[in-house]
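Down below are the structures I want you to see.
Next come two complexes, and both contain subunit A; in the first it sits with subunit B, in the second with subunit C.
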Partner chain A sequence: MSTSTPSNPPTQATSVAPAHSDHDDELVKVHWLDRVPGRGNPAAWPLGLAGALVLIAGTFLSWSYTSDVLGDLSVNFWPGGVQICMIVLGLVALVLLLAHRGPLAGLGAWLDTATSVRALGLGAVAYMLGALGTIAVKSGGIININPGGWISLVGALMLAASGLMLVSRQTKDPLFAKTSSWLEICTIIVLMALVLFGAAYALDVGDGASFVLFLLFVASVAWGLSKAGVFTWIGLISQKNRQVLMLGAFAVAFLFPFTQGGSDENMSIATQVLIFAATALGLNIVVGLAGLLDLGYIAFLGAGAYVGATLSASAFATIDWKPPFLIVVLLGACFSALLGLIIGSPTLRVSGDYLAIVTLAFGEIFRLTMGNLDGNNGPVLTNGPNGIPAIPDLNFFGFDFGQPHVIAGITLGRFANYYFLLLVIAAIIILVFTRLNNSRIGRGWVAIREDEKAAEAMGVNVFGLKLFAFAGGAFLAGMAGTVKAHHDVSVTPDQYIFLESAFLLAAVVLGGMGTVAGVLVGATILKLLPEKLRFVADYRLLIFGLVLVLMMRFRPEGLVASQRRKLEFHEDDEELAQRIEEVHLEEAEAKA
Partner chain B sequence: MTEFLQQIVNGLTLGSLYALIAVGYTVVYGIVQLINFAHGEVFMIGAFGALATWTVLFKGQTGLWVLPIMVLGAVLVSVLTAVVMERIAYRPLRGAPRLAPLITAIGISVFLQEAVRLFYPGAKSKLSFPEIDVVTGPGIAVAGLNIQRAAVFTVGALLVSAALLWYFVNRTRLGQGMQAVSQDPDTAQLMGINVNRIIVIAFALGAALAAVGGVAQGLLNSNIDFRMGFLAGLKAFTAAVLGGIGNIQGAIVGGLVLGIAESMATQFIPGQFGGSAWKDVWAFVLLILVLVFRPQGLLGARVVDRA
Partner chain C sequence: MTATDTTPVSTPDSSGAPILEARGVTMRFGGLTAVKDVDMTVHPGEIVGLIGPNGAGKTTFFNCLTGLYKPTEGEVRLLGEVIPPKPRAVVMAGMARTFQNIRLFANMTALENVMVGRYCRTSSMALTSILRGPKFRREEEATRARAQELLEFVGLGSSAENLARNMPYGDQRRLEIARALATDPKLILLDEPTAGMNPQETKQASDLIFRIRDSGLAVVVIEHDMRFIFNLCDRVLCLVRGEVLVQGSPGEVQSDPRVIEAYIGGGDDDEDDDAAGAAADPTKEEQQ
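Showing the complex of A and B:
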């Protein structure tokens, strides 16, 4: 099939109203939404424009009579954070509508604007209902909702109605869009800036309700844009400009502490997210690339942490040798890798479910052993259940991690120091991951994952590669563990229970196996949500279990799925297979 | 010598408990090749079902006649949980890559634990299990050995359950259908066997035995808590693997062997690495050794090689 000139679109256009078979529930739902009466009504477009404008206009008026709900929404012509979200959503909808018909129609040919406006409209309605509901509940009655809120709700409803009635007029696939590289780089930079800003904003949001609303806002906009096909294009340009993307991502991550103004509370959450993400990325090598299900991975993090703790200057450390930290990091990583080899070499002969159980048993053995080596039930090494407390902060050549430092007038506290160190470690892990993924080794792993016997027949060194995945993953986790020991100040066995391994695995699965971005998203969600959703703290695990089940049922490939993975879970979807082939060809061309 | 026999008795008790749970793993695995990781939670819910039955219907009663009704309540709750779980979570995933059902199972396991912790009144801490005449109380002394009354119940429950199970599998139409499905589901379906129904029955069967185990555990320890399913489930899985997963007799033998091995390790491993602090470690070491060196188990089963 010939690839990629924008001038032969009709053959490559995606069909607008997908006529899929009914094995995918999501598509069935689209079907149902497509059957709304009044589709194609010429009034839809002006209705949508009016809706977006009304929505925006409403945000400039007061939403709430009292000033203590969701920030302060009671002042006219001074929109609060919750209202600004709706302004942004309204503006995005406006641009899409103008692309649908009007001055930006050239752009509209590339985007599925109708479906996108529908997603935005429905999202806006949900958001407004949530916001007004919160106001009504928290301030004691619907009476406290001011006209601005109602106006915005009406605007959102109009937008949703318009979206339901609009018929897509997309004719070209954004996959084949040819754009100039400065535009692509600008897009990436803007995107990164948005991520930085959004993350800083999300962390600053104080109360749970505002946070949930913000998530709803982000989800609606992301849903809308992905329906429009913007993400297809972004995925392609980020493949083309990978260096820019990586640099941008690290710049964002590096700049993040400077947006916090020395607030240790948020930085503490951010460092926890980073530790978790770094470990999950290591696990992603084992599970995502090599396909070896490891349910005891937390033990490797624990092994690193225990090495870091026993070789630290803590008064409770049981080994008198105090080497410099760089050596401790290496020792911790190597010790972890050694454990990986020990558990790996015999057990890799079993595969699949059995391996999962063996690793689970290994994780439990590690935890129990650490709890037992207290002098009563074994040699004194770990102080048993009490663990090793009072681990001092790191000190690199006189740079004390425990002290705040002032750079360019901005105070960076203790957690910010660890944040930078962890960022370096995460960068190393990501680098290892991507380089391995694109190497002979990575291809070998994928081959093993897909079909072990076939891989072996093709001359892939199955045993060696599996062992390498195991030991390599353990090495990276051990490295992160040594830093974690100093960051956490104390190391105890109950930090390394099975549930933590399950969480790590969930981060990998939730985000999307085998992708870096997916795991970062998954780790952030899993660590950030419990911190911000204190009001559901008790139901946290219940929700976690439920999400895991639902995820496997409805989107087993994860939020940010690698295309190949997606196909694995939807084997009989011919259209998807063809689409993936197109994407691959297009990416190969982009790289060349 | 007395010490040795005492450990055998303790081991048999513990082993019977493992065997009751292990049958559930093995039956389900034999038919759908799925490690139902949430089976330990089904066992836990059985214990809570028995406690709930007692609290609602017979609070304050200690007569032995209460026990069968408690067991019935436990079985009902467990079977319901298992069947709903199969229908909602596992059935849609049949034919999906191996990873999917396993992760679902972890999700269900966490969900069930939390559901019990949050919604069963008072379950956030340990709950005491009722004392029942005859089966709880001071131990029976036989030839210098101390035999817990609940231990007699546990071993007895295993014997009765095993006999019923044997009858069901070998002498009833449904049981033969089950054997057929475990040998070749496609052919069985062509022969007119309702495979979905057989799978549901497999889940229910395992759940019923686990529920009996839950009651036994409650009587043995005289308290239950929402976490009891995790470790017990893992040990029972070890037992199932030990005996050869997919093999029902194997699960029972494996359970007994594991129980005895654990008691012996507690008593007879010398020095600091013996004692009850390390018994779980030795059980898991045994699991790893068996999986590595004899994955088909003691009694043998199909060698499983599924990625």
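Showing the complex of A and C:
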């Protein structure tokens, strides 16, 4: 069996070769995996199979003596949520192992199954240790762990050992995989359904420990599948079927409130995530496309919110004009854009660090101004630090956003109503972003980001485009702000502090500059984690700081990177460059 | 070519009004006079060479021409109009340039690079781009077609989808020329277009410049490679310490003892060395 040759042939060849110069030293380094005892042992594969089966079998038995830890894990043959995760992981591992050798070997030719099983196995061990540790700590002793838990842990360890012993083979590049389009579309739909289900489940999980375990599970499976090369393939098919993907993503987002059964608890988090994400997408135009570092972006959201509040029917609103909401949205957006123009026209002549400092100062000026327009130091506009409370809910043609509505037997609460409105706004921002990106203006922006001087020398209106990016981004943020005012009920200056700007920027950088999906992911992570995990909320600055440092070290292009950006940061990756060029060529051929 | 050797203003080619007319251009940086009282005239369909030892002020003069610097004294007229001291306005007026050290948009494809060059000749604004009206589609289509055409003109038709950063050095030089051509210039300024090229690539570059000239453009070239410049140009200016030393046909400039002296030095060197030998000196001036 060629799959179980004693060692990785190329590595072995180089390790035998004598070192001629310091240049060769790198080649001589033996990969740490090759030092694992029993590496390439033919028993690795059956061990893995057995491990996966034991892991699954363990989940059907009781893990915990007490029934109040991590949901209820004390019933035999009735796996709880925490256990079901391990069943899924075990099944994925089984499929991968059967693809490594056995009935699914055809599939295995495309996937780096060994590395993937290793990732899954290590993830499963971490998960089991976390779960058993939680049970032991919370219910007062290791004694409370029932045999099922130990069995699953042994299974996970077997799986991990097998993964370490398996040797990866040469795989075919997924770029050349020919799959029928219905399979691709089905994959996307299934993926979307999984995202919807996963999101609903994750938000539903009550205690922090279960939530962390669920994240660990998702991370291990994602890590395993990405090691196998599945995500490369998914990335490719989603590029091919972009419309299906967009529609699917929108459908999932649209259907999400229907999974909540009228509960407002999760929907309020979801709306906050959406507001945050919509604002981050606007910032993405400024930072990701035009390359302007804006540290005061939250002020534009605030400007929109204050316009929304002062023109609302609140008893504390200071302006006695109550136009319809659509006009308020436009006014808020335009006011924001105007602020962008005012702050941008003198400062966009400076670049880089200077711009960052000026925008940072602008954010503070905005907050302080809003906190002082209370009649003592100026006109009564914002009621100072008290803000404008009691902003009534929106009402579109009799559709009251404050009241629950029943659609198809499912109750949709107040936050679900706002959720749909924000979804529309997010969709508008995404549309503006992608269309501008693929146009003359978008090319100009990218050119400025790449080399400002050359862009100017090629006739690109550098200053005008920068100003437009600034004002356009502000416009979109202002639009989101007007909705935020009604959603939050009150608008106060302390909602728009520098920290919020920093988080917006972190969402853009963490997710991947210049991409829509990346920023959505980044915004979701940054907003969801503190909501679900109180300890993250307490230490969120520490944790995000650490995460950002780690990201800059290991994945500077962001979680979801545009492939171009990936190249920018990993210059020496010639193979990747080659592949991207091939894709470009293929696309060009397809267009022709 | 009937130019008398050293007169600063010489208009040998009397084929109509000059495209570019620089008069008494002087550029001072504080106490340093980088360019002093330089006159230059370029006529339609002409290839003018600009040579000079390192630090002679060639690139500074280029930057004055293209609006990157505003000359301390003197004026530059393009098609009879004084050029505005803004690079973008100069491009709009019909003068494009390339850079001594390649300045492509590294993470854009070759095609996109050239499409950026079309920016100043297109007009789709934000709303059209977002709504994707018929005008947008038409213009986008035309931009793409023109960019592809230009890539084929410089011989890069097959690498349209390659990222600029991954292209070979010689191709990057040609891509920069294509990008400059995309702005529909009347006059193109090439700053050391063959720097770092092998003889074969240099040959290709001079063929390309002849083809650009044949398409009706005027060309100004800065070069250190004497063989290249004397084969290529109709007229050559030799700049030394910011001043025009000699101006005339390649033959005249090549044989002028002052040029040889400027390149080689006082004459204690081997006098059989011609200027081309000295120009093979690999050190390049590092301005900009």
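Just so we're on the same page, the second predicted complex is superposed on the first by the 535 of 592 C-alpha atoms of A that agree within 3 Å, B and C clash if a C-alpha of one lies under 4 Å from a C-alpha of the other, contacts with A are read in each partner's own complex, and residues count from 1 in each chain.
Going forward, a residue touches a chain if its C-beta (ideal position, glycine included) is under 8 Å from a C-beta of that chain, and two chains touch if they have at least 3 such contacts.
Just so you know, these numbers come straight off a predicted model, no measurement behind them.
Placing subunit B and subunit C on a common subunit A by superposition gives a fit, with no clash between them.
Residue contacts after overlaying the shared chain place A:313 against neither subunit B nor subunit C. Contact with subunit B, but none with subunit C, is seen for A:358 once the two complexes are overlaid on the shared chain. Vectors from the Cα centre of subunit A to those of subunit B and subunit C enclose 70° in the overlay, to the nearest 10. Of the two partner chains placed by superposition, A:186 touches none, neither subunit B nor subunit C.
When the shared chain is aligned, subunit C comes close enough to touch A:460, but subunit B does not. Annotation for subunit A, partner touching more residues between subunit B and subunit C: B.
In the superposed model, A:372 lies in contact with subunit B only, and not with subunit C.
With both structures placed on the common chain, the touch criterion links A:255 to neither subunit B nor subunit C.
In the superposed model, A:444 makes contact with subunit C only, not with subunit B. Judged by the touch definition given at the top, the superposed model places A:468 against subunit C, while subunit B stays out of reach. When the two complexes are laid on top of each other via chain A, the two nearest Cα atoms from subunit B and subunit C are 13 angstrom apart. When the two complexes are laid over each other on chain A, subunit A has residues 451, 568 in contact with both subunit B and subunit C. Across the complex, subunit A is touched by residues 35, 89, 92-93, 96-104, 106-115, 118, 230, 234, 237-238, 241, 272-273, 275, 277-278, 280-281, 284-285, 287-288, 291-292, 295, 304-307 of subunit B. Residues 431-432, 435-436, 439-444, 446-447, 450-451, 453-462, 468, 472, 564-565, 567-568, 571, 577, 580-581, 584-585, 587-588 of subunit A touch subunit C in their complex.
Contact residues of subunit C toward subunit A in the complex are 66, 68, 87-88, 91-92, 96-97, 99, 103-109, 112, 115-122, 124-126, 129-130, 132, 136, 139-140, 143, 160-163, 165-166, 179-180, 182-183. Considering their complex, residues 287, 291, 293, 295, 343, 346-347, 349-354, 356-358, 360-362, 364-365, 368-369, 371-372, 376-379, 449, 451-452, 498-499, 502, 505-506, 509, 538-539, 541-542, 544-549, 551-553, 556, 568-569 of subunit A touch subunit B.
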